[in-house]
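See the structures that follow.
You will see subunit A twice below: alongside subunit B first, and alongside subunit C after that.
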Partner chain A sequence: MTVTTILPGSPGNTGATLRRNFWRGVGRVLRRKPSRIAGVGIVALFGAMALFGPMLYPAHLPRDNNALYAAPSLAHPFGTDFEGTDVLALVVTGSRYVILTGLATAVITVALGTALGLLAGFHRGRWDTVLMRITDMQLTIPGLPLLLVLSTIWKFQGPLEMGLVLGLLGWGGVARAVRSQTLSLRERGFIEAARGLGLSTRHIVGRELLPSMAPYIAMNVLIAVTGAIYAQVGLFFLGVLPFDSNNWGVMLNLAVFGGGALTSTAALPYLLAPLLAILLLTLGIVLIVDAMDEIFNPRLREE
Partner chain B sequence: MVLAIGDLEHFMKRLAAITALAVIITATACGTTEATGTAGPGGIYTTIDGAKQIDATAPINPFNPQGSTFVGYDAMSLAWPKNDLMDPNQFYPGIAKSWTATPDQGEVVVHLQPNARWSDGKPVTSEDIRTSIGLAYTQGGSAYTVDAGAAGAAADIQILDGKTVKVVQGANRSNVFLRNVLSTVVVPAHVYGSLLPAGFWTKLKAARGTGPAAEQAKTEITGLSQKVITFAPPKDVSAGPFVLERINPGAALLKKNEYFYDAAKIVPDKVKVLNYTGNEQIWNYLVSGKLDSAPFTAVPAAVMKRIKETQGNGIRKGFSPVAASLAFNQARKPYDNVHVRRALAYLIDRSQVTKIASPEAGTPSVTTTGIHGSSAKAWLGDGLGTLEPYKLDPAKADQELKAAGMVKKGGTWAMPDGKPWKVELHVPASFSDWVAAAKSVTSQLNDHGIEASVVTSADYILYLDELARGKYDIGFWLMALGPSPYNIYQRVYGSANGWQLLAGQLRHSPPGKNGNWMGGPETIGGVNPGELTSRLNLASPAEQKRIVGTLAKLTNEQLPVIQIYDYVNTQFVNDTRYTGWPAADSEALRLPAGVWMQLGMIRKTSL
Partner chain C sequence: MITGTGITKTFKQRGDVLGGRDVRALRGIDFAIEKGGAVSFIGESGCGKTTLGRIIAGLESWDSGEIVIDGTPMSSLRPRRRQPYFRKIQLIHQDPYSALNPTRTIYQTLQAPLALRARQAGRPKSWIGERAEELLSLVGIDPGYVLGRYPHQLSGGMRQRVVIARALTVDPEMLVADESVSMIDVSMRLSILALLKDLRERLGVSVLFITHDIATARYIGAEGELYVLYRGQVVERGLTESIITGPVHPYTQSLLSAIPVLHGLEQPGPERVVPTEALDERHADEGCLFARRCPFRTERCEKERPALVRGVEVAHERACFHPQRRSVIPVEAVA
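For the complex of A and B:
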């Protein structure tokens, strides 16, 4: 029987220390610019909205029959919609769909894009040729017209379906960029060394290449979220997707076409509330991406 | 990032920019009126075409749906329909100065305006009318169809003299034959005549028969359709008060036709027809006081307020024979049960729905009769008061649902077997008033423990297609399309509900077949509503009244549809440059302003 004693300075402990240092670094980077803290705050707020928002309200939002398109007030900070429902409640309860779609799109875009990019870049040769031609084909598919046509035969019922379609239409760019990064990294010394040591491809790709690209991938996840939000809200705005009264895009559509928000002021808060939500969420994400850039790229650190 | 996302990203950014701009405009500007300039003492009359957007590349041809001709200005009919509550055969003169019809409308004799001339100076003759009718046959429909036995089809066209034409109706009579003949669009034979091949009229006669030769002739005639639609004359030759001068994607400019038979009545020197891409653009034209008049446009209440604030702007409201309803697919459970349909009718507050969906262009339906409220009074008289009004009454709705065997579990109504009941209301996404109405109805149903949601279709064509294929339980449906009583009830007891008129024979198809998506029973208590509707085609006025009374009562009891709101025709006029508009409820109200000018109504505003 052997007894294993973990001594100070053993590899396990080094990992924990590294993680502690990493989070300390994250804290430092965030504190350096208050805007980054604001970014985290905004994204956390939207995350909480998506998670708990619908729980704050009854399943069918209350309406005030005598206050259609009511002006902003304490009771209704963003006024009411065409049937007297509080606009803020619509934005809050609608955030789950929008954010879930964004996340689903981001995961699919990045997972597919990274996997294909890594494979193509690392193996080169025939793999590269085949995968990049597939990528080229994907990039040439005109996304918007395809989505418009798709929407006539497929009712996108849930956020995950929507995210799946947007994700499948959006991985091409990431795949190309990851491939270029892989092509550059695979010629570096540490990869050469790994190869020389006879490490498996899985190890080289998974443990050597991927961590080096993690910051880039992480940033792409966040940017893909904003892209997906714009895309799905836009499709709902155009009215090609099924109606859901608290969807931000549907709100924009009804404010402009049903309420005349671009011609008169009555429906303006109804238009501005979802727009503001999109703007804030994008801002939050951009601020976090700024922080991430510095965390993963030590050369950007000012100290 | 991928194209779709990129495109939409730009789109959303642009929307944000537009919104920002709108905020600035609403904060700083106060309804400026742009001077339209004048072309002469008569000035330029500015309007829009309510029927179509401008396509500057489309041929100057009234047979083309996108054609660069404008009804009432440079596109002329024999006569112009009056907005009558009951009689579909009331008309104002157009190219036809007068007309006579035998009591059964077997023969219609049309006398042309003696001074009518085309804009190239040539006289309008009977030959022009015959050519126009020939061309109408290539397009099919109404009086000019090659379908043997179709009700109200013309059987013969005779030229009595240079200015008189006789049109004879076939054996299967329709009492809207006169209306269909008078609606004939007139084009010059010296421009369009070459489109009809030699021997056309012999072929037409052959097509009315039966057998292979008739089929061959029919195919040849309808085969000319595309050739006629795409025909592009080098210049506009109009018999109307105006003629097209030039057209670009933004607007069409028409100048006065000096050869017009009533040229002295026409005041404006030119007419500018502005293009629009959506209702919002028309609202902006109206808010800025650019338009002298505009036909019916759906307008939100807040926008209407701004339009009314603009100097000179006025509103003319009148009868519009259209109503919005919820139509059931009775082949689907539980909508096959009349108690369920009645329960839903008792749960919908139609006033609230109208207030939300169409406050400016709708009035809540008094009850479900199948007829627009205004004409229902004329058709039914005191009978209207005896019908069930279906006022909001949750207690009655509960009774009806119980009678249908529905069960209430935990505050929510379920199917008789305990399975969940989910009401889905279908609407086309592009009809914002229907979307708002459907949302309001579902909210009201949810309040009463019925799980209801709105499902939109990307566009109207797709919506109608899916509706016809029986894919929906409940869909929004246009109805009460008067003034002809046959047309009114055809929307409820016509092909959508299984009754089809084929070769003069009425047949009923079972639900799910031949476009029967309403799936109602063929007879109810011994009454065959489709057969009665078909009889409206032929009936005398007294008999029509009797049939309409029976059908209204049946519709009210059976509720194949729930009538939600009746449309109100809301037109816009501006007194700044012109005046003399038709009054509210005028019989001319729904006609284009070009016809108002022909009738001598429009004058310059005296300064």
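For the complex of A and C:
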């Protein structure tokens, strides 16, 4: 056990010590399985791609009219597209949109779902009834048809708008699950004790309830990211959304419907590159999800 | 000083559309707990002792009756305003495993209520850490060892001590110990009981002990008061010693008759009382509640409810039409 003993009379120190212990524990949990390290590596790679990728290339990617649908080569590891642009460059520059949408969706889904689930589960009664009916309504909204309709009147300008819409369509499940967890946790002795000691509702919800649900919430964030990536790539692939920006879904669409990637081999690398990117990113996230329970549970975190 | 008069509580059980059955957990209970006193509630499962304890600790509402804490009647206050009064009464949970938040260290657990306390009293932040250590030492554990640890790293007995330390952070006037030792290793039980007794003697904290075990009730306060509860009613009340040595209500006698006997060393009391039937909550609410199970019942018992009155045969109160002393506790075997 490596839990450091807290020095007497230094409560100011304790917060920092605990935080340091937490991160040390996270490192330990991740190092426990090679798959987790691989997951972290993959996700970090894509994160860096989204952050710095677009800076590596000029705003308008160079075209080469002599190399349309060129086969993979050293200069173009994944070949080129219909106008001779490097596919790898397209994947790298397109990652920002995809990942930003994924993050925005996850943040909205989980923040909304957790907040409403906690509110409904903790206060019960009238709040619960009203919020859960709203949740039921949200759950019955068919996402794809709505997006199809929405896209006719609203041109999703940026990734954040896209994320907002996807997020607003996806919080229902999280809200229900968080509510049920809250209902079971609020009956536990330590919540009752906190109430008996006169601690504020803010403290009880934020410090006593939320940490117990942290693994679940963290898992949902990650899964929501993958869900959002699939959803938006699918929309772009179907050609529902106008593509004035470059991203993976647009690439898939152009490869299949423009390059005939399903019938001829010429555009195959153009199709496979974004698919591979999506696959890898999802794999990376799934590998990390596995560690969430151990990270947030102090009992599993230690050695 | 905490007194209660005529406390009732009914739990509505949800049945079908036609309505469910109500469970009458408490049927008008009076109690009084002196400052620094020791009071025990005993009775079998479902007799309402835990509900009463939770009501006294402010964790449950009651239907009718009045609770007076230090001269202030609670019914005159809105539920929000009652909180400061009920904070003086802290419940020690039965289960030390769920009573501590597994995601928080012991320091964090103690720090939250102490910080609140420090803010109210305008004490410096350094006081929090000092007080946490002081309280842990008071309950008999080494602060250096536990402060930075999580609950799962401690034993059951240590956890229960931490729970007691946490209750003490708000300087309570009374601790409600609800079966507080029933889930702890037998070898640790006595030391926790001794701690509660010690806190009572040293800090003047009154202790309300809720148990089904007469021996522990006796240990915590031989000079204290004992309430015997049956189906939401007090059937016998008096000094612990007086009831244990001279029970007159057949229900109390059946409880005392159930004490396991150390074979070879002891033998069952010669006049053991065994209920004629098993407990059934559907038994009639008419007459004496124990009548259906009582071997000594008469026609009157089935029609009238006996009141809790001081007896002539003993120095304590009982609710029975036919009180009689019987020798029911195990006696030493004659060699």
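Here, the second predicted complex is superposed on the first by the 285 of 303 C-alpha atoms of A that agree within 3 Å, B and C clash if a C-alpha of one lies under 4 Å from a C-alpha of the other, contacts with A are read in each partner's own complex, and residues count from 1 in each chain.
Criterion: a contact is a pair of C-beta atoms (placed from the backbone, for glycine too) under 8 Å apart; a residue touches a chain by one contact, two chains touch by 3 or more.
Bear in mind that the values here come from a model prediction, so they are computed numbers and not experimental data.
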Of subunit B and subunit C, which one contacts the greater number of residues in subunit A? B
Pick one for A:279: touches subunit B only (first), subunit C only (second), both, or neither. first
Please indicate which partner A:37 is in contact with in the superposed arrangement: first for subunit B, second for subunit C, both, or neither. neither
After superposition on the shared chain, which partner residues are touched by A:296: those of subunit B (first), subunit C (second), both, or neither? second
A:172 contacts which: subunit B (first), subunit C (second), both, neither? first
Is A:203 touching anything from subunit B or subunit C once the two structures are fitted on A? First, second, both or neither. second
Where does A:256 make contact in the superposed view: on subunit B (first), on subunit C (second), on both, or on neither? first
Of the partners subunit B and subunit C, which touch A:239 in the superposed model: first, second, both, neither? first
Touching A:192, do we find subunit B (first), subunit C (second), both, or neither? second
Residue overlap on subunit A between the subunit B interface and the subunit C interface none
Tell me, which parts of subunit C touch subunit A in their complex? 57-59, 83-84, 86-87, 90-91, 93, 95, 98-105, 107-108, 111-113, 116, 125-126, 128-130, 133, 143-145, 147-150, 152-153, 163, 166-167, 169-170
Given the complex with subunit B, which residues does subunit A contribute to the contact? 60, 63, 65, 68-69, 82-83, 139, 141-144, 146-148, 151-152, 155, 166, 169-170, 172-173, 223-224, 227-228, 230-231, 233-235, 237, 239-243, 245, 252-254, 256-268, 271-272, 275, 278-279
Within the complex, which stretch of subunit A touches subunit C? 1, 3-6, 8-12, 14, 17-18, 188-190, 192-199, 203, 207-208, 211-212, 214, 296-299
State the interface residues of subunit B toward subunit A in the complex, per the touch definition above. 1-9, 11-12, 15-16, 18-19, 22-23, 26, 278-280, 283-284, 287, 299-303, 305-306, 352, 355-356, 427, 429-430, 432-433, 435-436, 438-440, 443, 446-447, 454-456, 458-459, 462
